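Below are two complexes that have chain A in common, paired first with chain B and then with chain C.
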Partner chain A sequence: MTPILEVEGLCVDIPTPAGTLHAVRDVSFRVGKGEILCIVGESGCGKSLTSLALMDLLPGRARREARRLSFAGTDLGTLSQKAMRNLRGNRMAMIFQEPMTSLNPAFTIGNQMAEALRCHTRASAAEARERAAELLALVGVPAGRDRLNQYPHQLSGGLRQRVMIAMALMGSPDLLIADEPTTALDVTIQAQILHLLEDLRDRTGLSIVLITHDLGVVAQLADRVVVMYAGSVVEEGPVDEVFGRPAHPYTRGLLDCVPVPGRTPPGSLLGSIPGVVPSLIGAIPGCPFAARCSFAADACLTRQPPLRPAPLQPAAGHSFRCVLEGSA
Partner chain B sequence: MIPVTIPGPERAVSTDAVLELRGVSHTYQVRRSPFRKSVPLRAVDDVSLCVHRGEVLGLVGESGCGKSTLSKILLGLLPPSSGEVLIDGAAVSGAGQAAFARRVQPVFQDPYSSLNPRKTVAQIIGLPLAVHGVGDRAGRRQAVTAMLDCVGLPRRVLDTYPKQLSGGQRQRVAIARALIMRPEVVVCDEPTSALDVSVQAQILNLLTELRRELNLGMLMISHNLAVIEHMATWIAVMYLGRIVESGPTRAIFERPRHPYTRALLQSVLTTVPGHGIPDPLPGTAIPNPVDRPAGCAFHPRCPLATDLCRTVPPSRVVDARQGGFVECHLFPAGEAEAA
Partner chain C sequence: MLAYSLKRLLLAVLVAVTVSVGSFALLRAAGDPAVAMAGHSATASDIEFIRETYGFNRPLPVQYADWLVKALQGDFGESLYFRMPVSRMLADKLPTTMTLGGLALAFALCVGLPLGIIAAIRPNSWIDRTALLISVTGQAMPTFWFALVLVVLFSITFPLLPPSGSGTWKHFVMPTVVLGYYATPAIMRLTRAGMLEVLASDYIRTARAKGLHPAVVLLKHALRNAVIPVVSLSAVQFGFMLGGSVVVETVFALHGTGQLAWESISRSDLPTVQAIVLVLSSFYVVLSLIADLLNAWLDPRIRVA
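Now for the complex of A and B:
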């Protein structure tokens, strides 16, 4: 699969009064055309900042560095602000977690959707409106043409998230970055939105980077998954491998925390990960998970092991970052 | 465990219902625009529920189905428009808020906004004792310290402020505050949905242990059905203000009957890969409760709806064998076993 997005050695640093906070530490991954990559991790692991860094939308003080940041052959690292603005919202689009707060309440749906296209092309207002109506139909908004004149408050949460997705698709993007797109929604609506994303990928060859903390969403939607902890990638690979044969103790611990209907005995105690995430200010000498890991040895405290192929299926592209053998 | 004796009625140890709702309804008056007459909105419609000692009642349903109104009624914060709330079989209408609050306590969803940022942990946890005038200052401090041990918080957090604590620690503070008066029922409204996965498991484990140790009754409201299946002993499924199906957790998960229950169960995403995204329900959202659909409220989204469902509301069919009931025309009385 030809990669549409290649990230190598991405770092995001935020200066704070207490020192530099290394929020994203040497993160590398690739997204193929038509691939759904999920980045999963707990709050503060750097997954959202990674997505913002890709879009060059980091908050003011944060600094981005990368050895390689290439989107469809274009080097994002050296792109001017203006060229980046042309890409963003056009060939690279993003949808955010809260459909309630990321739509402007003072403008109609049609107005906001048309703006997304008219910023980037010479489309007339009528053409933009036509495209908006088509896309609303594509994402399954009933009576889309009438909705164009409605305001965000007149739509339900599920419909607003569909509008957000339709808006992101206005420029026919090659890559869609979705940051927790279903977290604020009911489970029944979540299933509809996830279906929609899967369907769009199948029909248009869209590549999707999905940021989430919901392991269930990852297991059912992702082709490949990147597990992040304390700013670093700790495990990466095809979702069947990573969730079926997790190699890193953190991934295993995380999966044990979630009850699986029919598998976890009801009323039993769930697995949990003791301790807290280390401070991201300054360098972490060893493995960032060592303090919470029940397998930690002396070697874990002094050096961060490199990502290496998991022993069981080395050919599957499944790699992890731990000194232990993956089967432990 | 807690060196404070709480005066109050004698508590019989039994598995009888501690908290019971009988035919409870609540109607809000809503005005759609300043120029129109207000119309009634039936947020909760003829709901009967029981919370037993040592058991967990799981309440599931989509947003807007009336779960929060129901939990407010259960907490005594909202008087029902009709129907009765009973504690130990006695109606509470005359008992007063303070007496009610001794026995039923809430744990809220978001520990970032439900704790007063200007009070220390000791003040937050000890406030119910002070309000109810239990013990002196030293005795209360002692009780708070004991409670910290009970919920697994280190004693050094006593004089810290909520902002110095992590999300999981804050939720432990909220649980300690709820338990300090030794209530019989705790109402947990989405107790873990604001927390990280690894922390969520810690809090669920804590609630399970406390329930066993203290023989607590619990009402757990959640949209996460995997969590409900794990925690609850009895499940009630709510749709547009009505309980459409209820029964023992096992029965509901193994043999769901109402099409809505089935759809909810199918929408659970497990962490075992390969199942794919479940087929979604038709219809984008819960209908407007002001314009309740005629007949069965679920019929516009139901794949099995018939003409009968569009016109006649289904009546409640009690399952005599395993307890619980279902409100659906697919299960007429007498044929409940057929499913």
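Now for the complex of A and C:
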């Protein structure tokens, strides 16, 4: 599969009074055309900042660095602000966690959708409205044409997230970055939105990077999964491989925390991972997970191993970052 | 929007009626109008004659209704001091005050809005500090002193502007700057605070994610939401300038309502004071109404309330 997005050695640093916070540490992954890649990890592991870094939307003082940041053959690292703006919202689009606050309360849905197209093309106001109405229908907003004249506060959370998705599609993007798009929604609406994303991929060949902490979402949607911990990628591979044969103790710990109907005996205790995430300020000498890992050896405290292919199926593109042999 | 407008309009009328009762009561509470009109040397029969002639012996509600109907027709009675219709005096003075107030508000907005926006884009930068310095100075400096400094500078040291009077546009430059500068800090600080809050919001991130030009993000998406409290404040400031520009009008010898009000109070010219209170508070009510409607237009969520 030809990659649409290639990320190599992405780092995000945030200067703080206590020292530099290395929020994203040497993260690499690829997204193929029409592929859904999930980035999973707990709060503060750097997954959201990774997604914002791709869009060049990092907050104020955060700094981005990467050995390679390539989107459809374009090097994002050397792009001017203006050229980046032309890509953003056009060929690469993003939706966010909070549909309730992600739309501007002062403008109609139609106005906000139309400007997403009109700032990139010469489309007329009427053409932009027409496309907005089509896309609202595509993402399953009932009575879409009437909604164009409505304001965000007149719509429910689920509808607003659908509007956000439709708005992101205005420029016919090749890549959609979705930062926890269902976290703030009811479970039933969550399933609908996820189904919609999958459906869009199937119909339009859209590539999707989905940021989530919900392993159920990953299992349902992802082709490939990247597991992040404390700013680093600890395991990566096809979702069946990673979930079927997790090689890193952290991935295994995460999977143990989730009940699986039919597999988890009723009344049994769910797993939990003891301890807390290490501080991301300054360097972490060894494996960042060592302090919480029940398999940690002395070597783990001094040396962070590189990502290496998982032993069981090396050809599947499944790799992990641990000194252990990765036997689940 | 129409339902909301009608509701606001009804409210404004109610407030205006309350104000008119207040300004009518003001005259009666201040003493017997017949005694005030008759003057010091009047005899008891003179006072009684005046009371009969002007109808002060009728019940108060009747007098109020009579006064209100006349006031609505522009008849505010006669000034006790000048012995001429108050309405003619007002027609003479109001344009000056309105011009000064309008110019001063425009000045305050032209300085306060951009400075507030820039300060919010670069918080704690040198420009933010400068804006803070300007606003602290504006709030701390006595108006009359600043006015005199300007007169010394621009009428005496560099004779560019006339020090007093209201004949040409040049006469309005210094009063506008003095009165406007006084209103600038609040507008600037409120703009800055609003912009800071809005710029950190999720929908601004969405606007940037769309690839919009930073100027569009700032002026369309951010400013529209940040400016709402500034609109309400501007209406209050404008109302304040109409009534409270006495100091500036006196220093620059601009013959406006502020000066007239101050002089009429010291002369116990009650019909004039009463008329000025009524007219200025009516303007105030209208301004608040305009601000409310403007805000409802800016923020659709207000229209529902």
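Simple rule for what comes next: the second predicted complex is superposed on the first by the 327 of 328 C-alpha atoms of A that agree within 3 Å, B and C clash if a C-alpha of one lies under 4 Å from a C-alpha of the other, contacts with A are read in each partner's own complex, and residues count from 1 in each chain.
Definition applied: contacts are C-beta pairs under 8 Å (C-beta built on N, C-alpha and C of every residue); 3 or more make two chains touch, one makes a residue touch a chain.
As the structure is a computational prediction, the values presented were derived from the model and not from experiment.
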Overlay on chain A: chain C relative to chain B, clash or fit: fit
Which superposed partner A:Pro105 touches (first chain B, second chain C, both, neither): second
Chain B versus chain C as contact partner of A:Ser70, first or second or both or neither: neither
Chain B versus chain C as contact partner of A:Thr20, first or second or both or neither: neither
Partner chain(s) touched by A:Gly89 [first = chain B, second = chain C, both, neither]: second
Partner chain in contact with A:Asp214 - chain B first, chain C second, else both or neither: first
Partner chain in contact with A:Ser28 - chain B first, chain C second, else both or neither: neither
Contacts of A:Pro259 with chain B and chain C, given as first, second, both or neither: first
Superposed model, chain A: greater residue contact from chain B or chain C: B
Superposition-derived minimum Cα distance between chain C and chain B (Å): 6
Common ground on chain A, meaning residues reached by chain C in one complex and by chain B in the other: none
Contact set on chain C toward chain A in their complex: 201-203, 205-213, 216, 221, 224-225, 298-301, 304
Chain C-facing residues of chain A, complex: 55, 57, 85-90, 93-94, 96, 98, 101-107, 115-116, 119-120, 151, 153, 164, 167, 171
Contact footprint of chain A on chain B as seen in their complex: 62-63, 166-167, 196-202, 204-205, 208-209, 223-227, 229-231, 233, 249-250, 253, 263-264, 266-281, 284-285
In the complex with chain B, residue positions of chain A that touch it: 42-43, 140-142, 156-159, 186-192, 194-195, 198, 213-221, 239-240, 243-244, 253-264, 266-273, 276
